[in-house]
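My structure is below; once you've seen it, I'll send some questions.
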Amino acid sequence: MTTLISGGEVVSPQGVTPADVLVDGETITAVLAPGTAQTLGLVPDKTIDATGKYVLPGGIDVHTHLDMPFGGTFSVDDFETGTRAAAWGGTTTIIDFPVQKKGGSLQEAVDTWHAKADGKACIDYGFHAILADVNESSLKEMDVLVDQGVTSFKLFMAYPGVFLSTDDQIMQAMYRAADNGATIMMHAENGAAIDQIVTRAIAAGHTEPKYHGLTRPIALEAEAVGRATRMAEVTGAPLYFVHLSSGEAVDVVAQARDAGRNVFGETCPQYLFLDESDLARPDFEGAKYVCTPALRPQEEQAKLWRGLRTNDLSVVATDHCPFCFVPDKQLGRDDFRAIPNGLPGVEHRMDLLHMGVTKGEIGLARWVEIAAATPARMFGLYPRKGTISPGADADIVIYDPQATQTVSAQTHHMNVDYSVYEGWEFTGRVETVLSRGEVILADGEFSGSPGRGHFQQRSLSQYLV
Amino acid sequence: MTTLISGGEVVSPQGVTPADVLVDGETITAVLAPGTAQTLGLVPDKTIDATGKYVLPGGIDVHTHLDMPFGGTFSVDDFETGTRAAAWGGTTTIIDFPVQKKGGSLQEAVDTWHAKADGKACIDYGFHAILADVNESSLKEMDVLVDQGVTSFKLFMAYPGVFLSTDDQIMQAMYRAADNGATIMMHAENGAAIDQIVTRAIAAGHTEPKYHGLTRPIALEAEAVGRATRMAEVTGAPLYFVHLSSGEAVDVVAQARDAGRNVFGETCPQYLFLDESDLARPDFEGAKYVCTPALRPQEEQAKLWRGLRTNDLSVVATDHCPFCFVPDKQLGRDDFRAIPNGLPGVEHRMDLLHMGVTKGEIGLARWVEIAAATPARMFGLYPRKGTISPGADADIVIYDPQATQTVSAQTHHMNVDYSVYEGWEFTGRVETVLSRGEVILADGEFSGSPGRGHFQQRSLSQYLV
Amino acid sequence: MTTLISGGEVVSPQGVTPADVLVDGETITAVLAPGTAQTLGLVPDKTIDATGKYVLPGGIDVHTHLDMPFGGTFSVDDFETGTRAAAWGGTTTIIDFPVQKKGGSLQEAVDTWHAKADGKACIDYGFHAILADVNESSLKEMDVLVDQGVTSFKLFMAYPGVFLSTDDQIMQAMYRAADNGATIMMHAENGAAIDQIVTRAIAAGHTEPKYHGLTRPIALEAEAVGRATRMAEVTGAPLYFVHLSSGEAVDVVAQARDAGRNVFGETCPQYLFLDESDLARPDFEGAKYVCTPALRPQEEQAKLWRGLRTNDLSVVATDHCPFCFVPDKQLGRDDFRAIPNGLPGVEHRMDLLHMGVTKGEIGLARWVEIAAATPARMFGLYPRKGTISPGADADIVIYDPQATQTVSAQTHHMNVDYSVYEGWEFTGRVETVLSRGEVILADGEFSGSPGRGHFQQRSLSQYLV
Amino acid sequence: MTTLISGGEVVSPQGVTPADVLVDGETITAVLAPGTAQTLGLVPDKTIDATGKYVLPGGIDVHTHLDMPFGGTFSVDDFETGTRAAAWGGTTTIIDFPVQKKGGSLQEAVDTWHAKADGKACIDYGFHAILADVNESSLKEMDVLVDQGVTSFKLFMAYPGVFLSTDDQIMQAMYRAADNGATIMMHAENGAAIDQIVTRAIAAGHTEPKYHGLTRPIALEAEAVGRATRMAEVTGAPLYFVHLSSGEAVDVVAQARDAGRNVFGETCPQYLFLDESDLARPDFEGAKYVCTPALRPQEEQAKLWRGLRTNDLSVVATDHCPFCFVPDKQLGRDDFRAIPNGLPGVEHRMDLLHMGVTKGEIGLARWVEIAAATPARMFGLYPRKGTISPGADADIVIYDPQATQTVSAQTHHMNVDYSVYEGWEFTGRVETVLSRGEVILADGEFSGSPGRGHFQQRSLSQYLV
C-alpha cells in the first residue's frame, strides 16, 4: 500500500522545503518536489493532505523510564500507556532503560524489559542498559548487548548505595566501551558529596520538597561532568551526559567539545521551562516537581537554550518517569528524601520545543535536529529513523503550527494524576502520526494497537570521529 | 528531459544513504529509495549509473578572486578559466568578490563584476562585495545590494592604505549589516601592527619570501578576530571570518560561538595541507606559497582540522587568487612585500577535503557539510543549492572514491604555471558533474559552455537565531 | 634629628606587627621590636606615640593630573593644592602626567611639568610621560627620559584625534619600551568604535550625562585590553593598564597574567564605590561623575574588588583630574561630549581603601600593598618609597582606624567645588604624616611648605621577570 | 646575648636592601640601615660579617615525612637526621605529618609524632595531621588539634584502601574546616581511576619503574584538583594542594584563584628539575625517582615555573620521604607497585630554588617568598617565622650566592644512600644558619644539638579573605 503525504513543508536539520513524501508499506520510498507526483503519473493508494502543515520525522525520545520498579511500586506508565502518550505527542520511537539489579545480570535486565514491552508498545523502541553493578561479569555482558543492538550503557555518579558506580567502576566500563564502541551515558552529579549536604539539611530540620533542590548544588553537577570527561579522555570512551540542568555543566561540556572530544550533552524540557520556584510551591505541591537533577534557578534556562543553539547540548529527551501525586509522591510528606524522583513528560516534548521555536529560542531546523535527527544518529538509529528520506522507516508526524491546545492532567494521555504544565497554552499540535507507514493517530483519535511497536537493534553512535 | 542517477550513495550532512536521484530539466524532482523507480515504472530520458560512487551536492566555493585587478595586472584566472577549473574539481557554484575602488561605488564594482562574468562563467556564481571605502554613500549602497542578492560584505583589518577599514568604519558597516541582515565577512589581521613588524624586518635586510610569514604572527590574527567579535557583539552584526589559519584564532571564534553569537569561521585547504616550511623553499620557490594570512607552522594544521570537526570552523573555501610564478611572483624577488599575494586552489578543494576523509580527519557527512551544505545556508543559497533534495537545482557531483590522480600544473585546468600541490597523489576523483541538470563534465571531458552559468541572487544567512 | 615612632602597629604587605620606627633626618634608620629602643638606651630627639594606630608607608598615587590643560582651562588643582590634599589623605608621593603636545616634544612636556611642580609641590613626585604624538623624534626621546627617571609612558587607545595612538604607533612605542625597559601605560578603550556609538546617540538626541556611560560599553574596554595585550606579547613590552573599570577587562588581564606575561592592572576608587546610577542623577548632577572610562553598573564593583584580592588588579590610583561643577562641568549642559572628563579623588584614596578593609573586601596587608608597596615597585621607587624599612625615605603615615570623618566639599582640601562622596561617613583617618622625615600633617594641621617636595627619578619596574 | 649580622643584603618578598640585623637572645630586635648601629653606639656581643652575602629568613619546608612508618619499615630520616639535613640546606622550620591510623585517633597520631620529635629535632617544627580515617570521632578531634596549633589536615584522593578519603568524607572534613578555620591539604590524584590503569598495565606485564609514571596521567591529577576545588566551593573550606606536578593542574588552580577562592598550590623541587625520563633509567635506577605524583614530561617544568611566577603556585616544599635504594627500593624490583614512594630532598630545596634565580626563572624576592615567607603565612607561623623583622624569631640564613658545591650522596647529610641530584653543580650555598638566635651551622660545621628544636603551635592560614 502506498500513501502520499502531499502539500506539506518537510522540515529537516538543513531547513524547510515544500515536498511530497511517498510511503510504501513501512518505508518512505520517495521524496518529491511539488507537482512531481502528478508528472510521474503517480497514483497512491491513499493521499494525506498536509497543506499548511509541517512534515517531520517522528520524534525520538531517548530517555524514558516506563514500568520502572521503584521501592515496591513502579513508575506509573507502562509500555502501553507510555508509548501511546508518546505518540500523542509526536514521538514515534523511545529508548528505555532496562535496570540491572545489584548482583543481577545485564541480560536479565534486558530480557525483563523485553517482556515489559512485548505486546504492549504502540511505537518502536530501543534499550539502553543501566549498569548498576559493574563487575567482571557485567563488563563482559556489555559486548554481548552491543551485539544485540543495545549499544549504550548508563552509569550513575549519583545515588550512593543504589546506582552509584565508583570511579574505578566507571573506568572499567569506559575501557570496555572504548573497545566495543558503545556510548557511556552518565548521570553526572557527585552523589557522595550531595549526601553530606542532604544529611546536614535534614539534621537542620529542612524536610520540605524545596530542599531537594537546595541540597544539590550546580557546582556538584559541573564537578561530575568534569570528572567523567577526564575519565573519558583517559579511556577513549564516547560519553553522553543525560539531563544536564545548568550553565556550568554546559560550559564544561563545551570545553571538552571545543577540544574535539566525543562528549555530548542532553537536556530535558523541565529544565528549559520549569525552575526551582516550582519546588517551593505550597501545600506539598512542590513534590510534583521533584526530579534529579533538581529544577534550577530560572536564569539557568537561558543558558540551556543557548547550549541547544550552540550544539553544546545536542539532544532534548524527557527523562519521563511518572509517579502519581497521590499516593506516590506523598511518601515524602515528612522527608523530601522519600519523594519518588521523576516527572511525567513524554507527551509534551515536541510541543514544548515547538514553543522554543515560536519564542525564537531555536529555529525549525534545529527543532527537528534536537528532537529526532540527532537522537537517531547519536544512538545508531539513522538512517532508519530520524529523517524524511527514501529508505527510512515511515515514522512521520504532520504538525499543525497554528493549532492551539491547553495542557491538563484531565486530558493528557499519560497515566498520571497531575501535569507539571497544568493549564499551559501551547501553540502548535500534532495532527497525524505515522509509525512505520501506519497511521496511528489522526483526527484526534489514536488507532495504534499495543504490541505493534518493534524493538530496534541499534548500531553504534554515528557522531564519533 | 529527465535523468535518473541510479545506484549511488547520496551523501548529505546527515549521513550516507543509497538513493536514486531524478532530475527533470534543471531541477531535482525526486529522491528515491533503490528500486522505487522501477516500482513506479519510471522511464527517464537518461540514466547515469552511479554504482559504487558518491552522489554529492555540487561543491560551493564561497571565496574566489577571478579576474581581480592587482597592480597593473589581474589574477590569472578569469570567469571562464576559473569556473571551468572549479567544475573539474566538483565545484558548481562560486561566490566571487567585486572590489570597490577607493572613491568608487559598490554598484560600480558589482556592475564591473557582472561584466566580467557574463558570457564567461561555466557554472553559477554569486557575489560578495568588498567594502574598500566605507562612507555615507557606500553604507547606503549596502541596502541596495542586499536587494540585488549581494548579501555579504567583506572588510579588511589588514592592508593599511589599501583595503583596511578603521574600527570606526567597521562599526558603521556592522551597524548597517545589523539593520539589513547582511553578513560582514572579515579579513582578520591587525595590518597596522603587522606593518611595523614588516618595517623592522626590511630594515634588518630580511627580504626573502619566508619573512612574509615571520612578520605576520598568529597573535595578530587572533587579536583581530577578537576585536571584530567584540564589535559584532556591540552592533549585532552577523560576522564571518574568512581564511582563518591558526588555532588561536579558532579558539577566539569558539569562545564567541559558545556564547551563542552569530560568529562563523572559514579556513582554506592551503592552511590544512601546507605550512611555513613551504615559504622557506629555496630558489625563490617560496614565493609560490605567499598568501595572506601566511602559511603557519605545521602544528596549526591539526588545530584547524579539529576546528572543522567541532564546527568552530564551518566552511572550507579556497581564496583562489592565482598569479603565475613567471612573471607575476617575480616582482618580489628582492622584497617579499612586492610578491602578489595569492594561491591557485579552486580546482582541488573537494579532492583535498576528501583526503581529509580518507585520513580520518572528518567523516563523509562532514565533508559535504563544509564544502557544500553549510556554504549554501551560510550565504543564502539554500535550498536551491547545497543539497540533494527535491526542488533543488540539479547541481550534482558523482564522485569516485577509489579513483586516483596526480596533481600537476601540466594537467590542471587553472590558468597558472605552477601548482602548490605539484606531484601530490590524491585518492578520489570527480567523475561526472551536473550543473542545473546539464552534464558539463563526464568521461574526462568538459562540455560546459562559457556563459551558461547564472548569477545567483542570494538571501540572508540562514544560520542566524 | 631623630624621631622615634613608638607603640604602633606597622602594616606591610606581609602583615601587621608591633614595632617602633626610628627616623634620622629624612630616612628610616631602624625598625625595632617593642622595648628594644629602651634596651639600647636610644634617646631620640622626638618621640611620636602611635599606640593603637597603624604605621604605614606613605601612600603612592601613581595617577594624577594636576594643572592639566583642558580646552582653554586647566584641571583645578595645581601642584600646591593637589599635593597638599594628597598629604591630607595620607599620600606622600604622586606620579603625574606631563602631556606631549601634538607636534611637540616629550622633553618639552616634562620641562613644562617640572616648572609646574617646582616650588609648589608639598610632597615628592615623579612623572610618567603621555605620548600624544608617536613619531621618530618622540620615540628617540623615550630613551632620554628613561635616563632622566621618567620610566613609563602612557598611550591612549581612546580619544581619536586628540590622544589616540594608532596600532602602528603603539607597536613602535612598545618596541622602544621593550628595548629600554620602560613600562607602557595604556588607556584601553576602543575610541574609534566608541565614537560611532556616540555619534548615533547624539543623532538620536541623547545628550544627557548618562549617555556618556551608555556609549562606552564594557565590551570595548575589554577589546582594547585584549588588543594591547597581544601587541605587548609580540613586542615584549611591559604593559600596565590604567583605570580598569569592568570585570571583563580584568578577566582579560587575568588570562595574560596566568600566561606569565608582564601585564598589570590598575583600578580607581570611583569604580570601586560609585556606579552608573550616579551618572543619571537629575539636574545635571550626573556631570559631576563624568570620567573615562565611565562609571559602570554596580555589579562590576564586586568583580573589581575580587581582582584586587587575586592580584589581577595590582594597584589603586585615583586618576585625580578635578573640574569644578561651576563653571567647568556646565560646558556640557547640552551635550555630554563637552563635559570635562575627570573626578576629584586624590585626597580620599587611602580612606576609601581602608573602608574596603572594614567591609572585609581586602585585608590590612593588601591595603598597604595596593596603595603604597606595589605602586613603588611597579614604578621603580622601591626601596626608597613604599616600605617601612631601614634605608627608606621616612614617608610615614600614622593612621587611626577608629576615628571617623564625614566627607564634604566644604571641608576637603582639594580645590574643587564638589565631592563625589559628599556626606559619606568614613571609619579611619590619617592622623600624622611624615614626608622624608618631616612632619607635614599633625593635630589637624598641615605644616608642609610648597616646594619641599622633590622630583623622584625612577628606575624601571621591579615586577618584571 | 646580642648578635649583629652586618653588611649583608636582606632579601624579603618585597626586594633586596642592605641592612644590619640585630638579634637579642632568640629574637630579631632590630633591622638597621647600614651605619646606624655605629651611629647608635650599639655594641653587640657578637658580630657576624655578612658582606657580599644574602641575609634570608630561614627556609620553611612545610612538607616532610620523617620517621614515617611504611610497610614494616620507616622513612630513613628521623627527626634528628632529617632536621639536621634541613639545616644544612638553610631550612630552619619544617612541618611534618603525623599519620592517623585506620581506627586510630588524630590525637594519638600527634602524640606519637611528638614522641618522635622530642629530644631529636635540631630545628623548630610543626605538624599537619593526616586524616586517614574520617569519622565522627576524628572530625571532632579536628577542633581539638586546631586548639593545639595543628591547624591543617591532609586528605588523600589517592591510595584507595590506604589513605583515600571518599568524597563524602572529604565533604565532612571540609565542612569542619570551614567551621574551625583550618586548612585542608589535598593530595589530588584520582586514585580509584589510576588503580584501573595500573591493573591493566600489570596485566600487560608492565612492571618496570617507568610504568609508575605512565599509569598516573596528568588528566587524573587535574581532575582531582577540579573536584576538590568544587567541594571547597560548596563547603567554604580553605584548600591547599600539595605537590602539584603538571600544567593542567596549575590551570585548574589558576581558574579557582582568578575566581577569588581560597585555593592554593604547592609544588616540589623534583617536579621543577627532574622528569619522567629519570623514571626510565636502566638497571632499576628509575626506582630512585619513584614518588607520587610521578615525575612528568620535561615540558611540564616550564609550566610549573610559570605557576610560581604567577603565584598560582604559592609554595615550594620537598615532600621529603627518603627510602634507601638498598634495601628499600629493591622491594619493587619485580613490580613497580611495591617500590616505596618518595624521594630525599629536604636538604636541597633552598639551593635548587636559588638555581631558579640564577637561571632567571624567578627573582630573589620571589625565592624568599615561596621558600619562607609564604609558607609562614600560609600555615600560621607569621610573624614569628618567615621574615627578617623585629619581633620575629631569629631564624636566619646567611647565603653566599657565589659559592659553588657539588651534590653527592657521599657528602650530603640526609640518611639515605643515593641522591637524585648526584653530581649536580650548584651555584650558591648556605654559609651560616641561626635558629632562634643560635648559630647552628657555620664554617662548614653543624653545631645544633638534637632536641633544641621546639614544637610550633600554629595559627590559622593568614591568606584568607
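We just call them A, B, C and D in the order they show up, numbering each chain from 1.
Operating definition for what follows: contacts are C-beta pairs under 8 Å (C-beta built on N, C-alpha and C of every residue); 3 or more make two chains touch, one makes a residue touch a chain.
Fair warning: this is a prediction, and the values are worked out from it, not measured in the lab.
S.K.: Identify the chains in contact with chain A as well as chain B, in label order.
M.R.: Both-contact set = empty.
S.K.: To lay chain B over its twin chain D by CA atoms, how big a turn is needed, in degrees to the nearest 5?
M.R.: Superposing chain B on chain D takes a rotation of 180 degrees, nearest 5.
S.K.: Hey, how far is the Cα centre of chain A from the one of chain C, in Å?
M.R.: Once rounded, the distance between the two centres reads 58 Å.
S.K.: Distance between chain C and chain D based on Cα centroids, please, to the nearest Å.
M.R.: So the centroids are 39 Å from each other.
S.K.: Between chain B and chain C, what's the gap in Å when you average each chain's C-alpha atoms?
M.R.: Measuring from centre to centre gives 51 Å for this pair.
S.K.: Give me the residues of chain D that touch two or more other chains.
M.R.: Residues of chain D never touch two or more of the other chains.
S.K.: Any two chains that touch count here, so list every such pair.
M.R.: Contacting pairs: A-B, A-D, B-C, C-D.
S.K.: Going by the contact rule set out above, which residues of chain C touch chain D in the complex?
M.R.: Residues of chain C touching chain D: 12-15, 17-20, 22, 24, 27-34, 36, 39-40, 42, 251, 254, 257-260, 306, 309-312, 360-363, 373, 377, 382-383, 387, 389-392, 462, 465.
S.K.: Flag every residue of chain A that touches chain D in the complex, lowest number first.
M.R.: Chain A residues touching chain D: 160, 166-168, 170-172, 175, 190, 192-193, 195-197, 200, 217, 219-220, 222-223, 226-227, 230-231, 233-234.
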